[in-house]
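Next come two complexes, and both contain chain A; in the first it sits with chain B, in the second with chain C.
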Partner chain A sequence: MSENAFLTVTDLRAGYGGARVLHGVSLAVGQGEICAILGPNGAGKTTLLRALSGMVRVRGDVRLDGADLSGRSPDTIARQGVAHVPEGRGTFMPLTVEENLRLGAFVRRDRRSLRGLRDLRGRRGGSAVDADLERVHTYFPVLKTRLKQVAGSLSGGEQQMLAIGRALMLRPRLLLLDEPSLGLAPMVTQELFRIVRAVNEEERTTVVVVEQNAHLALSIAQQAHVLESGRIVLSGSAEQIRADEQVAQSYLGYRV
Partner chain B sequence: MAGFLQEIVEGLGAGAIYASLALALVLIYQFTGIVNFAQGELAMFSAYIAWQFMAAGLPFWLALVLTLAVSFVGGMLIERVVIRPVEGAPELTVVIVTVGLFIFVNAAAGWIWSFLIKDFPNPFPGGAIEAGGLSLGYSTLGIMAVVGVVMGLLYLLFQHTKVGLGMRAVASNPSSARLVGIRVGWTLALGWGLAATVGAVSGILVAPLLFLEPNMMGGVLIYAFAAATLGGFDSPVGAVVGGLVVGVAETLAGAYVGFIGSDLKVGVPLVIILFILLLRPQGLFGRAAVERA
Partner chain C sequence: MSGPAEVTEKAARAAAPTRGRSLARVATARRQWIVMAVLLAVACYAPFQLVPFRVFQLTMVLVYAVALLGLNLLVGHAGQISLGHGAFFAVGAYGSAIMIDRWDTPHLATLPVAAAVAFALGLALGLPAMRLRGLYLALVTLAIAIFLVPLLKRFEAVTGGSMGLTLGKPVPPAWTGLAEDQWLYFLALAVTVVAFLLAHGLLRSRVGRALHAVRDNEAAAEVMGVRLSFYKTLAFAWSAMFAGAAGCVYTWVIGFVSPDSFALTLSITLLASIVVGGLGSFSGPLLGGLFMMFVPSISQDVNDAAPGVIFGLLIIAVMYVAPTGLAGLAGRMTRSITKILRKE
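What follows is the complex of A and B.
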């Protein structure tokens, strides 16, 4: 792990009520890297992402570019440029696609609040948020044709694109993705990973992706960690993990 | 025929009042899933505050503005102090808390202002416009206009402001709302503040018609429940349509169904509630039950 990592997590502990789920997780991710988190069901992968975005109480240390994020509220962490695409997409079903996207920019303060107020509703073209809406359209052209449609009417794949698009509206420095492939056809999943890769390359966005499809995750990640029962049991570069088939089989329970 | 139309006009006037309190109920329900049994009492308390301002010599409209502001802050405080501790508790607990709030606010009003009725000035002039054999009272027209303005403002807030968009996001998916950085706790408090403000409007509309006394909102609350049930507890538009329908149904039943008369017409909302719950539990405009995250 590099000294000057962008995201450093040290001895992170988290849980729900009395039940502890993460028992001291440490990892570091360099700026502009993609880090894959693998592991069986119930290992605590979702909890780890929720800990990073402030959705569960944590002990331990989380630093983003030196700034302490541990114990901060989700809105503070979002303001620091951390966007979290939750497991199951977290779509605002009765709202339109455009409203869902603009909500992704909720905490952004690129201009005076009063103007921002109008920008968020898109009453005035040419704002930074409008420009980002365009940017999201170039990654996900299908969303552009659905802007005024209620988000609940989108297909599963489109909703996952919407969820990632919503996260990009924050112009995140750190993007947390929780099982983007969940319930999607292989073709759609591959397309999504291709786009995540493109975002990462074009915008130098650091990505932490939790994924059951280890093969796909390792194909875009530089490094990977295997989580089991709330502990990291294996870390290494994506190639190492991929090559180490035996280890992978015993920890992941399937061939990679 | 003119008589029939006249009854409908009267019904709409009454219905607009039920609609305003139903709107307050729906606002809170949308954000928190809580049915606030104390909504009527809060409205009554707001009416007393307005009365107090006027007793101190302020003109009606200034008293109104101040009362709305006080009610807004009061609603937010109640959410923070009384409701927040039971957030996430079983439904029955929350219901008991709002019923407790009902009793407390009612008793507090009696203790502060006594249970003797007080005169409350009507902001609208007494006369009526005669048109096509119908008599449209200024008071009725005024009430409908006020409720229309309240609806319009709420529409602007929810559809055309950032705060409103955030509130709708919280209502639809609280945990995603937190993820995009919306402060959900404050938004819930804001919802209570808004509801208390809208409720204050209904209290101030009711007071001149019924005399001001601590129990004046009891009946109105029942009608508002009927209106919200009819329209759907999660639909502000439904609440208003429901209020108008309930008002008209009640007036027509009182006038034309012999055995009901003016004594039994309070039974009308209960019949409406019963039928809607049996036939279409989500109400006319409501969405069928979805799990609340």
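What follows is the complex of A and C.
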């Protein structure tokens, strides 16, 4: 961690219009690590992810592998390899699963064909994007059987998988997940976290995950931060956070 | 050359997961093209069977269809609203009229210029306007439409003021053997076909994908790296260009432009027609063009005193019966007919 961290955030301030939400957040995440952000409703967790992906104006310093991201536009940040799976998924409902996935590769330089049709005619061989489509299928086999279906007709769990699958199509260096468990059955949530863990291990993708389900989040994360009222009130390794009495009471639902 | 290599390539393609879907796509795409080809054949035949007035009416349907094609890009595919597209139509119409009037420019040569001017204007106005959303954007585009008529009247020296400009119509070349109305019709048809192909190509490109993403979920599109303001402005400029081209052909057909032809009602009618025709659909612009041409005159026949009321009621009726527009209704009807035919 610390000096040679992959993602470093220093004294980050952000808000909406006049209302300041984040009052100086600092954290660092090492390459290939999973970092969990916990905190009560309205703490600013979503705002923190939005600040990292450029969707809200920020003051302070955000660096990804040394490159300054603060004040950059969302598309520039996406081009830097930051994929954000927003709260409530944000799939493109009227488009098919495949179209959704291919859109995930929108800013990639090595995308060759954004449409399947060309490949069928044989004019273009399989592109890197096609290969990645396959890769996403191995993580989420259910998506492969749903390629032609419009995203709006998927179940909640499938939509979340699609949203994460689409983010992977960017070949992200940093994956931002905002409450992936929202509205999902416990079984589905566990499966989802298992996959996130697998992606993290196999692709060495750095992950920042915001989660209400602290148990699960801490089970896959190496380190965690607790955000309250726009400030980080507690940081440490996943074990340390899990062992913390205050956290146990507030987020894990039991006393140590 | 062919032989084993080809065989393995085929096998590889057969194994591709996208195959089934692509085949289905090819089938629908092919059906669409067949329908288009048949339509085109009928369209080429029609002017020889109809009286000049009907040919004129069909020509106007095509003119409107081109404008609606542009509006469909913006509203149907990019999800942005414009209450001011009549202004770009007017820019094309006046652009062409002024060039013909002042410099005796050949009619056909005014088309690329009119389209380019409308595109540039769309870009210039779209740049600030497209930073806005929903109602704010609607208001700005409305302002453009309202602003236009007084502006046209003000610059009398160029625009002819309230009197407008009267121009000669394009003369059919002798080799065609066509009457004037038929020649105009085929010019409009050619422009329509080119416009359709252009819009179709645009939507199938990366730009089309980006527009759909913006329409369906702006925030998600943005974090995936789609530059919202860039693509929205581009869609606005493209749709302005189509409206400008339509306006230019309108000038050829009518041979007269005056500010009152491009009042606010035109913008509103354009928007209503593309919604009625079917937003985001392949045939919506054409159906909308038919609606825009024939429904007002039908309304006039029904009730001479208040054609506006009948027109409005008809819009409500269509939206009630077919919330996805006439294109959606046509699709539903074809499906149920094929179902019935299959059963027998």
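The definition used in the following text is that the second predicted complex is superposed on the first by the 230 of 256 C-alpha atoms of A that agree within 3 Å, B and C clash if a C-alpha of one lies under 4 Å from a C-alpha of the other, contacts with A are read in each partner's own complex, and residues count from 1 in each chain.
Note that contacts are C-beta pairs under 8 Å (C-beta built on N, C-alpha and C of every residue); 3 or more make two chains touch, one makes a residue touch a chain.
Owing to the predicted nature of the structure, the values given are computational and were not obtained by experimental measurement.
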{"item": "Superposition on chain A - do chain B and chain C clash or fit", "value": "clash"}
{"item": "Partner chain in contact with A:78 - chain B first, chain C second, else both or neither", "value": "both"}
{"item": "Touching partner for A:137 - first (chain B), second (chain C), both, neither", "value": "second"}
{"item": "Contacts of A:150 with chain B and chain C, given as first, second, both or neither", "value": "neither"}
{"item": "First (chain B), second (chain C), both or neither touched by A:98", "value": "second"}
{"item": "Chain A residues contacted in one complex by chain B, in the other by chain C", "value": "53, 55, 73-75, 78-79, 84, 86, 90-95, 99, 102-104, 106-107, 116-117, 120, 166, 170"}
{"item": "Chain C residues touching chain A - in the complex, by the definition given at the top", "value": "9, 13, 16-26, 29, 204, 206, 209-210, 212-213, 216-217, 219-227"}
{"item": "Touching residues (chain side chain A, partner chain C) in the complex", "value": "53, 55, 73-75, 78-79, 83-84, 86, 90-96, 98-99, 102-104, 106-107, 114-117, 119-120, 122, 126, 130, 133-134, 137, 144, 147-148, 166, 170"}
{"item": "Residue ranges of chain A in contact with chain B within the complex", "value": "53, 55, 73-75, 77-79, 84, 86, 90-95, 99, 102-104, 106-107, 116-117, 120-121, 123, 166, 170"}
{"item": "Chain A-facing residues of chain B, complex", "value": "160-162, 165-166, 168-169, 172-173, 175-183, 287"}
